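Letters are used for the chains, namely A, B, C, D, E and F, taken in the order the chains are written, and counting of residues starts over at 1 for each.
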Amino acid sequence: MEVLEQLYKMTAFSSLFSEPGIIIMLIIGCVLLYLGIAKKFEPLLLVPIGFGVVLANLPGGGMGVVDPKLIELENGHYMNLFEIAHEYGIMNFLYYSLIKTGFLPPIIFMGVGALTDFGPMLRNLKLAFFGAAAQIGIFAVLLAAIFLGFTPQEAGSLGIIGGADGPTAIYTTIKLAPHLLGPIAIAAYSYMALVPVIIPLVSKLLMTKKEFLINMKEQDKLYPSKYEIKNLKLVKIIFPIALGIVTAIVVPSSVPLLGMLLFGNLVKELGTLTSRLADAASGPIMNTATIFLGLSVGATMTHDVFLKGQTLGIVVGGFLAFAISIAGGILATKVYNMFSKKKINPLVGACGLSAVPMASRVANEIALKYDKNNHILMYCMAPNISGVIGSAVAAGVLISMLQ
Amino acid sequence: MEVLEQLYKMTAFSSLFSEPGIIIMLIIGCVLLYLGIAKKFEPLLLVPIGFGVVLANLPGGGMGVVDPKLIELENGHYMNLFEIAHEYGIMNFLYYSLIKTGFLPPIIFMGVGALTDFGPMLRNLKLAFFGAAAQIGIFAVLLAAIFLGFTPQEAGSLGIIGGADGPTAIYTTIKLAPHLLGPIAIAAYSYMALVPVIIPLVSKLLMTKKEFLINMKEQDKLYPSKYEIKNLKLVKIIFPIALGIVTAIVVPSSVPLLGMLLFGNLVKELGTLTSRLADAASGPIMNTATIFLGLSVGATMTHDVFLKGQTLGIVVGGFLAFAISIAGGILATKVYNMFSKKKINPLVGACGLSAVPMASRVANEIALKYDKNNHILMYCMAPNISGVIGSAVAAGVLISMLQ
Amino acid sequence: MEVLEQLYKMTAFSSLFSEPGIIIMLIIGCVLLYLGIAKKFEPLLLVPIGFGVVLANLPGGGMGVVDPKLIELENGHYMNLFEIAHEYGIMNFLYYSLIKTGFLPPIIFMGVGALTDFGPMLRNLKLAFFGAAAQIGIFAVLLAAIFLGFTPQEAGSLGIIGGADGPTAIYTTIKLAPHLLGPIAIAAYSYMALVPVIIPLVSKLLMTKKEFLINMKEQDKLYPSKYEIKNLKLVKIIFPIALGIVTAIVVPSSVPLLGMLLFGNLVKELGTLTSRLADAASGPIMNTATIFLGLSVGATMTHDVFLKGQTLGIVVGGFLAFAISIAGGILATKVYNMFSKKKINPLVGACGLSAVPMASRVANEIALKYDKNNHILMYCMAPNISGVIGSAVAAGVLISMLQ
Amino acid sequence: MNENIELALLLLLVGMVTVFLVLILVYSLGNAIVRFVNRFFPEGEQAIVASQATGVNQKHLAVIAAAVATVTGGSGKVLKVEKES
Amino acid sequence: MNENIELALLLLLVGMVTVFLVLILVYSLGNAIVRFVNRFFPEGEQAIVASQATGVNQKHLAVIAAAVATVTGGSGKVLKVEKES
Amino acid sequence: MNENIELALLLLLVGMVTVFLVLILVYSLGNAIVRFVNRFFPEGEQAIVASQATGVNQKHLAVIAAAVATVTGGSGKVLKVEKES
């Protein structure tokens, strides 16, 4: 008898019955795993997040991230990491040492930098502008969210989904509204995975057939640029250093993200000189960071935090932010075309969204559908990469003014 | 003169003379290195542990793990990691951040998962049961240890050696009786290395020649199973997810170990989709964890902690736990054979011990000695892998009821 | 209007104008990058350090290491790492968890050990002595620095630059005078990169043409040694263990450095037995440590800390320490040659400096310039490697007597 | 002491029952999954299984893969190689 | 609430202005660097660019590189291969 | 100040003596180990030294090793290759 009682006490059945939210979260975890595995939506993130959700929601496992209030002590101090691990287990140790400190997103950005090639952007620098226009979704949704009653910090975190950049969204949310980390990360990565659906949708709404047919190479032949890069290798080495200094002066609050991105890019461009560092940054460091980030983000999604009206707002708002950003890029191109003889295919502008390199690939495929000789991939990459910089800058503005 | 005085003060000679235990520990460290290097007993663990023992026991080096009481402050608080490093050096920093927090064993389990193939178990699911019977050594020795005056927590940590699984033994000991970490880790890994000696010993004591000759493949032909797996790939993907949910409900306290094992296994089974994560988990993460785990465990073995009667008790008790677990697996098979027409070679049951894959290999070799056509390796792997799950579950029970 | 005001407040322009030091530091950062990239001075260190300097000096970015007084609390306690990250950002989190704790230099030493081959030293053990003489620069400059008004701790950190070993210099400075970490690390790595300039300079000052022409191989033929190693593999395995024990007894305070070096060397010499550990130690662990060490060291070089007279003193003193160490090695050889029939080329003694393996290569090239058949590389490696041990021992003495 | 022995016996019972329970669940779950998959996805999703049934010489493939891995520093992987028809 | 909306509008303005400003800087910087490099270093420093225009068969090179990487556990790299003349 | 200079001189002496002492120990230890090993284990333990004196072409070996390393994602290593007799 006592055995059965002990058995029952040890298992999680009692909580399972008293908290129906747990079962809903298990289903959500499985759906995320399904999206990551079967639908191949950013599996590197959604699989750890999904598994993290599953592990976090079963009481007794101690794998769910606890309310930050629980780690606060009196007079402005916090429990130390050893005490957090001792009291709340390894997942909170991971979360409070690597995520809540804002450490992992810049580390992942270092790896992203080591995998990024600024070449295509440097070859079509003018197109980089459209990476600015495509940040409008961030601020538009921020405005809308405040109307709907979100706090400015929450609204900023929601808007940043429109930046279409996972680490940036996560970093901003950690700084402004950490209690929304789970749904915002999920929304950011899911919509990035949905880029092949969202871009065609928005572009068909806003573009004419004639615009779809604008052939960038022909335009280049008609209006050739005098621009020529004689020593790309050296340009690519100087560029991240110079840009690092300039952005650090203009938007200091974006330095943790942009600085690490540019550092990663620099060690990559230096080739064999620093290949040990570039390999480490884009290999073991980034992969380890991805595992721990995914699991911890999943572990923040406990039923009591996730199953709220806000989450639905984030899902809808995030989608809008994405769509408006794409629209911003497209419309900016259209405005440009009004004033310029040399036309730009608005699909190129749409890539200002970022979501590198998927946005460019999708835009290229759409263009090819209209004209099978119209390869625009290389042109798309310019705003696509500058869009990453654009959203990191937007994040810096939000953090510096709202934190 | 002052020079000589300073020289003498700086060296460790004085302590060496006043503390004969130090020399004994140095010898023990060298023996562990010898076992790891010349005898190839789990060199990946015993070499770092042995070197850790050597480094830890020389006073003045500050490489020995200090008594946890020294890091306790008043009113239930602890020194923070920065203060620990500052006061007691890098080895205590490692120990108190990575080991005492219970962090590394689950991380190693993630790597183990990424190297485990559940295929053989899924193909012979019925045999998985014997992984349960072979956990009896854990609880039998727990009982005996309590009789001998160990506290329940110490007894549980001692018994878990019978689980024949290093990370599980270490994790349980950290949670229940961290002061015994050194000897228990050593015993666990040494006996695992001694599996080629212990299994033949126990099996010869308990098995008849007829039993040694039971040919699994012939039994399969005589009593064919209707069981067929049409899409093993997909089964292997769904299995870790489903098992994760189910064990988290039934034994939540085993989630830090089993959950990470199953996560590691999932990202491995997903192939190229998440190979970056699987590679990181089973490569740099696991290897780094192994280095730091080994050195820190060695560093806990300072002469004042290790040279006690208890340590001898652990050495003897650990051996008994191993032997009883093997016997449990063998006897369970014998009981099964009494009631079933289709016979199972008790060597298969002996592998329920776990110690993957060495137990299976040893059992296979014994079977081949009796009949050179009796290949039982694939059958052995089923209880062998399920034995890992079994001991993690047993650990969960011990932790949830004794912590 | 408010927009412009907000914009201006967000940017770093105001501080840029009020603090001319910032611009000087940006230039210094770029010079370090230039030295690392174009001049190939230890790019693995100077590139991260240079980039760290650039990121650290722009106010608002929060990437500069803050004064340790800011993390001190009342009654001898310190802020915990979570609070440090929260308050001062990720760079201080890195610095106070990995650098100020003294953690990374031993970790890098483990990797260095896994890349070191003691073979050449074991084959010419007598030459190892000259690795002792070449530590004289450390103590000579220490003496001079105290004359010039440095505190003993600062003088010790300055002197250790003469050890010509990056991790050793950094570790000693962390322990004795952390506020000088930036300039000392820079000086240490820059002069190491300048070895091809400094060794020829000093050797031409102190050596006669006859000495340059001493042919080691001919000396070996004239006075053959009876020394023969029959089983080098085994010697190389026993050596790090035995040396670990002996140095731990004689200079316990050098154990964090030397112990980890020898551990790394042991797992490397064990070959396939522990290759997973050796690969991890010399690959991902060391590379990751190098990135974080470089960035953090750079981040300590904020304009208020770096732009002081002391820094100039360090630059000059460090150079002297290097030069005197080389001179020590050369003069010791000359003294030896006075009493021995078998002559040693003083260039071999110069390599006692350490800076493995560059010093040996440079010495070899000089010898070849005088006699194109005089290959002394293998002889140089003996004092070169023992010089690493020598400076780690000197560091241990300084730490144990000055901390 | 007596209390502790009671506790030990309780642990023995609860522990072994739980272990058996979980391994029964492993068995049933495994069985259920196999049946489910056999019934609904007997074919194997091509998307997940990256089977390379192309005509490329496997030896050459290995060499190419190794070379690519080295050249790209491990960040590139050969996912598919097809013969030009 | 009203205050928040004002703040949101301010953020919209400051944010978009900053983003455009930075991307203008990206453009001008990029342009300036290209001009600077075209003018002073048009050739490309051989030291940095490790172009291997030697006569070694590229296929063989890849195989050698892969083999070396494996044998040395990734710590060795093939930096240059030259044909013996 | 004077005190500090005394300390510096003491450090100079203690430091250099210790450094020489340790390197004497390095020398004697090294020597002792060599003698010990020469006397008791002159042959080299085959178990530790994985010398591959088989007849397999070394070039082929490298290619195989590289390919295996890639295919197994680095977790597999070629430990021994023997010619079939």
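The definition used in the following text is that a residue touches a chain if its C-beta (ideal position, glycine included) is under 8 Å from a C-beta of that chain, and two chains touch if they have at least 3 such contacts.
Small disclaimer: the values here were computed from a predicted structure and weren't measured.
> Where are there more C-beta contacts: B-F or A-C?
Looking at B-F and A-C side by side, A-C shows more C-beta contacts.
> Taking all residue numbers at the chain A to chain B contact, is the shared part over half or under half, that is, same or different?
different
> Measuring between Cα centroids, what's the chain most distant from chain D?
The most distant chain relative to chain D turns out to be C.
> Taking CA centroids for every chain, report which one is farthest away from chain B.
Farthest by centroid: E.
> Please tell me the distance, in whole Å, between the geometric centres of chain C and chain F computed from their C-alpha atoms.
22
> Taking each chain's centre as the mean of its CA atoms, how far is chain D from chain E in angstrom?
Their C-alpha centroids are separated by 38 Å.
> Measure off the straight-line distance from the CA centroid of chain C to the CA centroid of chain E, and report it in whole Å.
The answer is 30 Å.
> Could you tell me the distance, in whole angstrom, between the mean C-alpha positions of chain A and chain F?
46
> What are the residues of chain D that contact at least two other chains?
Residue numbers touching two or more other chains: 10, 14, 18, 45, 48, 63, 66-70, 74.
> At which residue positions does chain A touch at least two other chains?
Only 6, 10, 37, 40, 80-81, 237, 250-251, 270, 273, 275, 279, 283-284, 397, 401 qualify.
> Could you list, by residue number, the parts of chain C that touch chain A in their complex?
Residue list for chain C touching chain A: 6, 10-13, 16, 26, 30, 33, 36-37, 40, 43-44, 47-48, 51, 54-55, 58-63, 80-83, 85-86, 89-90, 93, 283-284, 287-288, 290-291, 295.
> Please output the residues of chain B touching chain A within their complex, sorted ascending.
So the residues of chain B in touch with chain A come to 71, 77-81, 84, 96-97, 100-103, 106, 110, 237, 241, 244-245, 248-253, 255-256, 259, 263, 266-267, 270, 273-274, 276-277, 279-281, 283-285, 397, 400-401.
> Would you tell me which residues of chain B are touching chain F in their complex?
2-3, 6-7, 10, 37-38, 40, 115, 275, 278-279, 282-283
> Would you tell me which residues of chain C are touching chain F in their complex?
121-122, 125-126, 128-129, 131-132, 135-136, 138-140, 142-143, 146-147, 151-152, 155-156, 227-231, 233-235, 237-239, 242-243, 246-247, 250-251, 270-273, 275, 386, 389-390, 393-394, 396-398, 401-402
> Quick one: in the complex, what on chain D touches chain A?
10, 13-14, 17-18, 45, 47-48, 73-75
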